[in-house]
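Down below are the structures I want you to see.
Two complexes come next, and they have one chain in common, chain A, joined by chain B in the first and chain C in the second.
Right after this comes the complex of A and B.
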């Protein structure tokens, strides 16, 4: 595995950004600043980071309801993200999407999505556009273990494999579909075995090991860029929080979370970087302080942004039609 | 003037835009070498090749999803579902993805895509291959819905649909595919949101679209013999809707019959009727009437199906009930 020290630091920074953004979102949700549903990515940072470290700005991703990590790793702006979570007019979606619908076409982010499994077919469509135009871009499709029971998983993988589309399907197997454990929602242990049905390579990696993810996705991306078709990569990981904030997580066996906290991907990466003299303790402190400032800034940006003008609810339904509002 | 079939009108519209714009492509079940289940894309595979005219697996979610994803990335896909009934299998992609991605992302994603849906009964195809479900789709903000009744409009609306930067539901009627109608020597685009007054009249307005335009014209002819001069309005576009033409006609005739092939309960025809009731109630001097299919699934056996579906005689009788 060849990763420059500079890139290693960049990846570490991304992990920190996700961790601290999510921690702040958790706090702000508890304070009542963030309405609706929030699904946090805490604990799964290595997957988005390792996968997106292989991508260019012009590559695409499709994301999920648990999408903040993917968006940050693909270059999403923290200010606009936080403002969207707050439902403000400077948010990515101008306050019309919230946590589950952040997108940034200029960065290839085709959107988080509130429908479990919606991304598989959309990613195949992105792959079709890439192949049609003849570029060497790729699309990474993120999804959870539970979504692999949706018909869309099978439809998307099938289409991508028969047409050899440049899509990398990255399954974040966090062991649960909401409250239902993997053992109760599917009769397989490794999601990657499902690749066989679509005659594509399927691998399982430790999703809390950012290097394992980076390497597996890197290989798949290289294949996709060369026109050799899709790959299914399963990253075994765990969410430190519940399905959504407010989830009492009564379905978790005792000791499970504690065991996974010991495998926290961030200290793991940090130790590697220190042991291999990539980074000093001082640099780590500085990076933490830098990211804290970014999060404070994003929080302030969101706080200071206005609530959307009511008429804006009528905009963006179509490119060219604005429906009538109501007078109140 | 020359004549053309409805299917040819659709095909010529697609061909025109595929020749104009290299980013336009067509995919769906059997649209390639086979030429489409109803022959609408016949010859297009040979003309444009398998890169631009693609057979898909029988996988409606993937067909619509691939249209959403490829449109988000700069293509202008035309996705065909073999029967509108199959939209149910790809409904998440139509309703939750295609219709809403632009809105939910605050305009960050644009989806220039067309979904072709052949609908309607009259071919003994029974309840899963004969439905008219336009009300479901016209109900959803984010979609535009058009439905031509003749070859000229089929061409013109298809051209406009492909040029539109929003998801467009293009409804086709199976029994019209082989029907010939007159077209201009030089075919032109038809704008959305512009109804067409097919026949001017003074005594009653028949508002309809799709196949029922033909039935309404037949009924109008019969009514004329009884001294009732009916005006026939072909909506062409369900959303955006040409309210102006509807209201103008009601203000002229003061009587309205709305006709569609839909099961009457919850039909789009009800939307038109309620719109007239809300906005020009005082122009009406009789109850607003609707003609539609019976509230049952579409039956198979020909006699049963004919009984269930509305026809020109039902329109005629309903109009007469107002006099």
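Right after this comes the complex of A and C.
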């Protein structure tokens, strides 16, 4: 698979953006600046980056409760994202959706989602719309290992396979459904084997290797664009933080996190870029400084944005229903 | 005590070849079934103990539980206690432990890559190899039950192993005069610039293919050479060919369901005293037995050698023939009398 040095640098930059955005979100949550829950993507950056590097602006993604990485990789605006996390009116959802509901239809981001497994059927719907319109767009559906025990997984994959919809199902298998290890929530180790039940290709790749993800999703996207139907790709990865911020992670065996930290996708890619003379130390420093500034700017944007007015609580919802309810 | 070892790779049968070719998915439950049948076949012919590599799916423990539950386990099963890394290193470590423990035979379930890992640490223990995929040359498709029986015959120590084993060739790859890695069947120089998803399938990226053996009935890159010339496992040489360098076009099966037209030069023989030096001009990778393993940048020096330094590979069919000719399957009197007593009781 051909890939230019510029593409490689762009992918590295995307991983840095995700890492630094999530690290800032972690700090700001600890400071009490972020209301509600946040589920951080730290450690899983290679999956969103490698997958979305194959996508065009007019392609779609569906995301999860751990969605910041997907949205950044698909081109989401850091300022609006941070403001949304802070619950401010300049955020993507005017501060009323929070971390788990960020969407940007103009960039094909069909939304993070607080409901585990909700994305499978939204993705199948997007795939059906693409097929109906006759374009060569695709939809990448991100989801976790535990969501593959939900009925929506079966429904979404079944529809996509029977109608040969242009959907790439990307399972981020981080080994846990909240605090329940995969060994305790399903009797398989490789989610990819479930693809055989839907007569679609299923493959497992190292989700901490951005190249492995890029390559596998690239092949699946090409297949989907040609009308050959969906693919299930399982990316083995690990979240460095708990299920949510504040999770004490007492369910993790000792040494597990340390073992995965050694497989951190960002130093892995950085080493590759340096060893192969794709990037210089100076460029790495500059990229880090540039991303630090982007995050500082997003933080300041969020800080300076107003809290939504109380009177706006019933705006941007299905007001007819609310009004009906109030009248009664 | 008669013992055997089993190495079942939980990761085999699920890589990107399911997407880019027509390869089959082999799930881990099927591997459990195969291991069960190996154990049952082996214990029926005198194996007392079976060592099994630990893995992320707990194949060994699941087999133990299932056979205990159905009251069919007669031998002892020991899942080796070792620090797991869930990588190829587990295969290397487990095989090393089995060799050190002096098991009579090791059975592997996996592909060429799994056996390459075993070959790194097993030199004297006879190896029976079962394929759990569709892209393999080194392991073969065999029913687990008869593999267990063959392993029992080999491990019994009653036969001269030279009757049914042969030491395999390997390709040794040196970087700056240090042994970097080995391949059992083929080593491929590719323009793919990263290891990524490991498997290799795009012929346009291939520059050279080295083989220990080649045959048109094989699948993968050795088949490219095999469609030009046949080199057997017992031949004391290997070969290499240039690809995409003006050679004539041949049609060869490079992956399951993928038969391509490939420009390949005439094979050049590499004897055991020969070596081939390759200095890299650009970035690229070297794939070993079908999987990209070594990344290189420009101006690096590699040397390829074919040597007969591989594992002692069992021809399971011939082992069973040897066993049959020597009366290995004739049940002893005490077994028969127990069976007779059981039947009277019913």
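Going forward, the second predicted complex is superposed on the first by the 317 of 328 C-alpha atoms of A that agree within 3 Å, B and C clash if a C-alpha of one lies under 4 Å from a C-alpha of the other, contacts with A are read in each partner's own complex, and residues count from 1 in each chain.
Here is the rule we go by: contacts are C-beta pairs under 8 Å (C-beta built on N, C-alpha and C of every residue); 3 or more make two chains touch, one makes a residue touch a chain.
Note that the structure is predicted; figures quoted are calculated from it, not measured.
Student: Quick check on the chain A-based superposition: chain B and chain C, clash or fit?
Tutor: After superposition on chain A, chain B vs chain C: fit, no clash.
Student: Touching A:275 in the superposition: chain B (first), chain C (second), both, neither?
Tutor: second
Student: Let me test your reading of the model: by the given contact rule, A:197 touches which partner, first (chain B), second (chain C), both or neither?
Tutor: Neither: A:197 stays clear of chain B and chain C.
Student: Per the overlay, which chain contacts more chain A residues, chain B or chain C?
Tutor: B
Student: Where does A:211 make contact in the superposed view: on chain B (first), on chain C (second), on both, or on neither?
Tutor: A:211: touches chain C, not chain B.
Student: For A:105, using the defined touch cut-off, is the partner it touches chain B, chain C, both, or neither? Pick first, second, both or neither.
Tutor: It touches chain B, and chain C stays clear.
Student: Touching A:132, do we find chain B (first), chain C (second), both, or neither?
Tutor: First partner only.
Student: One more residue to check, A:92. First (chain B), second (chain C), both or neither?
Tutor: first
Student: For the overlay on chain A, what angle lies at chain A between chain B and chain C, C-alpha centres, nearest 10°?
Tutor: 120
Student: Across all Cα pairs of chain B and chain C, what is the smallest distance in the superposition, given in whole Å?
Tutor: 25
Student: Please write out, lowest number first, the residues of chain A touched by both chain B and chain C across the two complexes.
Tutor: Shared contact residues on chain A (touching chain B in one complex, chain C in the other): none at all.
Student: What residues on chain A touch chain C, complex-wise?
Tutor: For this pair, the touching residues of chain A are 1, 3, 183, 188-190, 192-193, 195-196, 201-206, 209, 211-212, 214-216, 219-220, 223, 231, 233, 259, 272, 275-277.
Student: Spell out the residues on chain B that touch chain A in their complex, using ranges where they run on.
Tutor: Residues 25, 51, 56-57, 59, 61-62, 64-75, 77, 92-93, 96-97, 101-110, 141-142, 144, 165-166, 240 of chain B touch chain A in their complex.
Student: So in the complex, which bits of chain C are touching chain A?
Tutor: It is residues 10-11, 14-20, 25, 27-29, 56-58, 85, 192-198, 202, 283, 295, 297 of chain C that touch chain A.
Student: Which residues of chain A touch chain B in the complex?
Tutor: Going by the criterion above, the answer is residues 60, 62, 91-97, 101-105, 110-111, 113-115, 118, 120-130, 132-133, 139, 151-152, 155-156, 158-159, 162, 315-321, 323.
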